[in-house]
Amino acid sequence: MAKMYLTRREVFSASHRLWNQELSDEQNFELYDKCANPNGHGHNFILEITVAGNVKGESGFAVDFKKLKHLVRTEIIEKVDHKHLNYDVDFLKGTIPTAENIVRAFWHVLESKNSEAKLYSIRLHETENNMVEYRGEE
Amino acid sequence: MAKMYLTRREVFSASHRLWNQELSDEQNFELYDKCANPNGHGHNFILEITVAGNVKGESGFAVDFKKLKHLVRTEIIEKVDHKHLNYDVDFLKGTIPTAENIVRAFWHVLESKNSEAKLYSIRLHETENNMVEYRGEE
Amino acid sequence: MAKMYLTRREVFSASHRLWNQELSDEQNFELYDKCANPNGHGHNFILEITVAGNVKGESGFAVDFKKLKHLVRTEIIEKVDHKHLNYDVDFLKGTIPTAENIVRAFWHVLESKNSEAKLYSIRLHETENNMVEYRGEE
Amino acid sequence: MAKMYLTRREVFSASHRLWNQELSDEQNFELYDKCANPNGHGHNFILEITVAGNVKGESGFAVDFKKLKHLVRTEIIEKVDHKHLNYDVDFLKGTIPTAENIVRAFWHVLESKNSEAKLYSIRLHETENNMVEYRGEE
Amino acid sequence: MAKMYLTRREVFSASHRLWNQELSDEQNFELYDKCANPNGHGHNFILEITVAGNVKGESGFAVDFKKLKHLVRTEIIEKVDHKHLNYDVDFLKGTIPTAENIVRAFWHVLESKNSEAKLYSIRLHETENNMVEYRGEE
Amino acid sequence: MAKMYLTRREVFSASHRLWNQELSDEQNFELYDKCANPNGHGHNFILEITVAGNVKGESGFAVDFKKLKHLVRTEIIEKVDHKHLNYDVDFLKGTIPTAENIVRAFWHVLESKNSEAKLYSIRLHETENNMVEYRGEE
């Protein structure tokens, strides 16, 4: 019953704007700087979803990567790729789409859908230099 | 007088929307598909600027990378990073911001400003899998 | 009429064995060393297809990346991905599948199918350190 | 006595076929899809071996990377590089060479040979998008 | 109060020489091999700093990446980039600059300066194949 | 007689200092800035050697990568890896080791030794963002 951690990597291209409607313009630009640009900006977000599970003798799989890929693509990628995260994504409505809030929203989407294995970690690379990871800890 | 090709790489995060106002909505979605999404989408665009010049004996430089970096950052990156390419960039106004049109616009900006060496190639990676190069050929 | 070079990158996972049936076993192992291993070995081959074409005013495209991707996937990737290049691929039959012979075979397949733009270069990375490029020069 | 985690990265090129002889052909193709291709397929597998140990004052090393590299190359890489994992590797005989089973087999090989530091994690990237990690948890 | 792990990546170019003055020349070359070369050698060191903190509702940030970047650049990068680690860096004086000793020294520098979030991990890639991580465990 | 371009990639870790002894200290620091640091600094230099040749029917090789690798390793890598380029390398003596001068020196070394194929291009990546290419043009 060896425990394995499987990571599926996907990329999506989206835009977003960081803006808190409860703050003044000045406070928003102070807080979010160029990320507050009114027309938004975008990234090729790199997403890494890690699930944990035990290897099954019959298949030699802990999780079937084909199923994990299908899950991530249908539940996440199809809904965020080539979209504006502030306006076009149901499960992000009312959220300031910082990397932190995006990974937490992804966690809630996947946690309820993923039955074969336990969700372990979600990592989101916004740029080559900035990455956020969430492990379900509250 | 050895001829060298020097490439400076920069990354910028921007959003854009592909849309030709002279075409119908149907034609635009047929042509641009998900890139026509009304609220736009974005990328971490990777830009590679190549200039060509001869090595100078005194410095051992063909071009000073510090100056090339400064040129690319002030003329290009500061104007497009964390911006919406359809609305926020003077030299792209009135242009459909496809990768092809972006690199040609960058060429025109740099060609007039770059005096130390000859502009040789501009490459723009929109995603990990799609890249456009322009070498000034008309 | 700006001329652009567009590159589509794809990855495929395949196995191959380097072996010339007209040579002796000794000659084959001398020539191909560990690449002559009877049961074969494999790679994640990284393929870069570059086509050249002029930008069209209406679309701002030189070539539509969606069409280029479709072409490369249907004509090449679907036929070689998760395959053994010595046995499973019609257009490689009778060829020693060196990187050189593979890119030339890919060239012939794409040259006859690609109508929108001119095939300019095919690059195949066999490993992180070894890459072969063909530009149609005979 | 600072505790450090040292990771050595190696790449090997191998082929494999996923097939469980106790299942029917239909079940195998249902389970393994294109990975069940009779002639096999291959990858440039990227391997990351992490060991943990305390820094020694005299050397400033927790583990000598030269020794770790030598261990991984002689015990693993020389035995799997340019090989077919189903047929050519003693310690994989009788195993369905899924990424999960490969990392567990590597763990058993290294655990018995590694004396200088404690084996902490083995990660195997089968493609750019699929990775499996094992930490010795049963 | 979701807990997030934020990683900032930076690169610095430096040289170093591994040499323990309390050992003989022979012992040093035996221990450090080519890393003991008298004139030193160098790397593009890739540094990954991970901090952990809870997301704040007002900003949607656990940590402000702008501040983390500023901290890492002013406290670390400006002091080690384009420097010789044996001679030019105050906080490394008297230390054999192995990757292990470098990350521990960086930890001590950052631990005392970082107030917004808890330092979680420092990773230093010396080459593409060798990486050391420290998590503050003594 | 298909013409192929084969590229071998190697990495070496070295240090250097940019300094022209015929200039004043002030002029040197003005010209080379932080690259003039007296104790030097270093890089993981990434080297790409491209040779061109025709495919031979018997082998399916234009050039044997094993021989190209051997050539580059014995003539270049063994002489520059873990060295200080200003002091430790015979064929760089008396040269200011800018990327431009390094690639030209490498060209002269390889041109006289490479008999199987024609040297086409040498590319040297000093950092992730700065690269110099030389094609033998004087």
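Labels A, B, C, D, E and F are assigned to the chains in the order they are written; within every chain, residues are numbered from 1.
Rule of thumb we're sticking to: a residue touches a chain if its C-beta (ideal position, glycine included) is under 8 Å from a C-beta of that chain, and two chains touch if they have at least 3 such contacts.
Everything numeric in this text was worked out from a predicted model, so none of it was measured.
Q: Could you tell me which chains are in contact with chain C and with chain E alike?
A: D, F
Q: For the Cα fit of chain A against chain D, please give the angle of the superposing rotation, nearest 5 degrees.
A: Angle of rotation between the two copies: 120 degrees.
Q: I want to compare two interfaces, C-F and A-B. Which one has more contacting C-beta pairs?
A: Pair with more contacting C-beta pairs, C-F versus A-B: A-B.
Q: Between copies chain D and chain E, are the contact residues mostly the same numbers or mostly different, with half as the line?
A: Different: when the shared numbers are divided by all numbers used, the fraction is under half.
Q: Which integer distance in Å separates the CA centroid of chain D from that of chain F?
A: 34
Q: Taking the mean of the C-alpha atoms as each chain's centre, how many Å separate chain B from chain F?
A: Centres of chain B and chain F (C-alpha means) sit 28 Å apart.
Q: Would you please write down the residue numbers of chain B that are in contact with two or more other chains?
A: Expected reply: 128.
Q: What are all the touching pairs of chains?
A: The set of touching chain pairs is A-B, A-D, A-E, B-C, B-F, C-D, C-F, D-E, E-F.
Q: Quick check on the complex: what are the chain D residues that touch chain C?
A: Listed in rising order, the residues of chain D that touch chain C are 11, 13-16, 34-35, 37, 39-44, 81-84, 86-88, 127-128.
Q: Under the stated contact criterion, what part of chain B meets chain C in this complex?
A: Listed in rising order, the residues of chain B that touch chain C are 18, 20, 22-23, 31, 33, 95-98, 100-101, 103-104, 128-135, 137-138.
Q: Can you check the complex and tell me which residues of chain D touch chain E?
A: Those residues of chain D that touch chain E are 1-10, 55, 58-62, 64-66, 69.
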